[in-house]
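Both complexes shown next keep chain A, but they swap its partner, so chain B is in the first and chain C is in the second.
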Partner chain A sequence: MLRNIWKFLLLIWMGVVIWGAFTYTPTAKALGETTRILYFHVPCSWVATLSFLIAAISGILYLVKNDLKYDLWAENAAHLGLFFTVLATITGSIWAKVIWHPFWNWDPRETSIFILLLIYAAYFALRSAVEEDEQKARLSAVYVILAFITVPFLVFIVPRIYDSLHPDPVINAQGKIKMNGKMLQVFFASMAGFTVIFFWMLRLKVQTALLERKLQMRKFKKLTENRDV
Partner chain B sequence: MAHRKSNFIHKSWAVFRKDIQLEFRTRYVINAILMFALTVLTAVSFSIGPLRLRVEIGAALLWIILFFSAMSGLAHIFVREEEQQTADTLRLFSRPVNIFLGKWFFNLLLLYSLEIIIVPLYFVFLNVPDPVLSIFLPVLFLGSFALASASTLIGAIISQASARGALFAVLTFPIVLPVMFSGIHGTQLSFARASFLDCLSDLQVLLSFSVVILTGSVLLFEFVWRK
Partner chain C sequence: MSDIYVVLSVNLLIWFSLFGYLFALDRKVQKLKKMLEND
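On to the complex of A and B.
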């Protein structure tokens, strides 16, 4: 019971964040009521990027230690990353429809989230094209690391070539956070909440995958034993 | 020390020479990749007709043609080793880093020789403005360098997977997007008669991307190659 108390605290925490996002915070000048999507959209894209980082680190660990456990971490982090990337894309598109009118117009931010989506999709395409477990782990680890080292280029180049309409110039000019105190409280509370939820989901997924693997091994053992008799 | 260094280059060169000799025995890749590039070029040219292209579109088309031509042939150097089952022998005879460098150099040369034919034809078939050569040539040179460097390691990855042809483009595209962005931007500048200084940042991006991806590939290749 006590071990699980943080889960109830998290429930309350996220409840407060949702309440705060809709009632407690003021809206930004140019954006009006649409400001409120900020507290859900930005944490989604943050978590999507974080899971890419975790997949790359797990890839490196797999190549160094040669333990399939790390491949499970990489695969499941990529699963969740794909999920949150889709969420960030959808919430962003809804917001874009309201403010910019088209759902999609290749704004640099849209481009970079779309590239992340492409990388995750390519990663899973590669995994499904390799049969053997060790080889799958090795090749996909190499790919995710290679994709990860090109990210800085995308982050710095794409916005340099195309002008962005993304509202961080409105809320966040010159990289300084210019939200007022109430907005900042809810924003960071939401970021923290999403991060904790993400790690919880990741741990659950990895544990489930480990159990599934154990079960398969047991089935396999049984089969081979029966054949001996 | 000097002896070891020359030995290192010599071994990579040996891998490269082996591949060149094999290639000239059949001329399979160079024919396939060239015909593919010509097909793409004529398909684009036919569908556009005699229209005079805006520089943005002309530059984008050039890089799309180059990207798909590269995707049609650059993986073959590793796929051939798997298909003819010569990969294991090569593993015995040479160190991974020599193999990678030899094959990377082959791909680089293949892409450059393709461009010597395709790029002039591009200007003949498509109605685009004359480029400033002092911008166009460096952008093309460095862009192809980056393209060949990135696709060599991915070629090695997909040679061990199934559904190779489609997978190669799928895996390479997100990784070479910075190259495409800078290549297209630099080419636009050369069509728009900009000065060399304007495209300097594009060249810097292409060069630094090539260095980063080549270093990463040399480090990672061993894990792809060993079994």
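On to the complex of A and C.
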């Protein structure tokens, strides 16, 4: 029971965030009620970036320690990164439809996220193209590290260089935060909640992969034993 | 469509996706654990 208490706390935390997003925070003049999407759309992008970082770190650890466990972490983190990127893209395009009218505008941020989706989709194409486990892990580790080099450019630099339909980032090019105090509180509370949800999902995904591997090994062992008899 | 409904639908989309995914993963872990125990 005590081990699961954090799940209840997280549920309450996110409940408060949703309540805060709908009732506590003011809306921005230009965006109206849709301002409230900010508290869910931006954390999705943040968590996606975080998962790509974890995938790259796991890739480095795999190359250093040559332990397949790190390949599992990299694969699952990249998978979740892709999931959150898709979620951020969908929520963003719904928001765009209301504010800018078309669902897709090829705005610098939209273009960056599209390129990012392609880069990480190619990671899974690469994984499915290689049969042998060690070779797959080595190639994927190198790819996921190289892929992450593009992330800071696509997520942080490109949208700050080119004119964008998007409003100023939360931390703007001058390194300053321009947001109402109440909005900031809910925004950072939501970022924290999404981060915990992400780590929960990642832990479950890695646990699933490890259990599947264990089960496969047992089956293989049984098969070879039967053949020997 | 009123803006508030857009915000609500975005919320529903996010929470159904996140908790649906979490629920599916949790079920899978439990199922695999049982399979390993019975094996």
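As a convention for this text, the second predicted complex is superposed on the first by the 209 of 229 C-alpha atoms of A that agree within 3 Å, B and C clash if a C-alpha of one lies under 4 Å from a C-alpha of the other, contacts with A are read in each partner's own complex, and residues count from 1 in each chain.
Rule of thumb we're sticking to: a residue touches a chain if its C-beta (ideal position, glycine included) is under 8 Å from a C-beta of that chain, and two chains touch if they have at least 3 such contacts.
As the structure is a prediction and not an experimental result, all values here were calculated from the model.
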Partner chain(s) touched by A:L63 [first = chain B, second = chain C, both, neither]: first
First, second, both or neither for A:H79, with chain B first and chain C second: neither
Contacts of A:I37 with chain B and chain C, given as first, second, both or neither: second
Which superposed partner A:R109 touches (first chain B, second chain C, both, neither): neither
Touched partner set for A:A129, first chain B, second chain C, both or neither: first
Chain B and chain C contact sites that coincide on chain A, given as residue numbers: none
Footprint of chain C on chain A - complex, ascending: 18, 22, 32-34, 36-37, 40-41, 44, 83, 87, 90-91, 94-95, 98, 197, 200-201, 204-205, 207-208, 211-212, 214-215, 218
Complex interface listing, chain A residues touching chain B: 63, 115, 118-119, 121-122, 125-126, 129-131, 135, 138-139, 141-143, 145-147, 149-150, 153-154, 157-158, 160-161
Contact set on chain B toward chain A in their complex: 153-154, 157-158, 160-163, 167, 170-171, 173-175, 177-178, 181-182, 185, 201, 205, 208-209, 212-213, 216-217, 220, 223-224
Chain C - residues contacting chain A, complex: 2-4, 6-7, 9-11, 13-14, 17-18, 21-22, 25-26, 28-29, 32-33, 35-36, 39
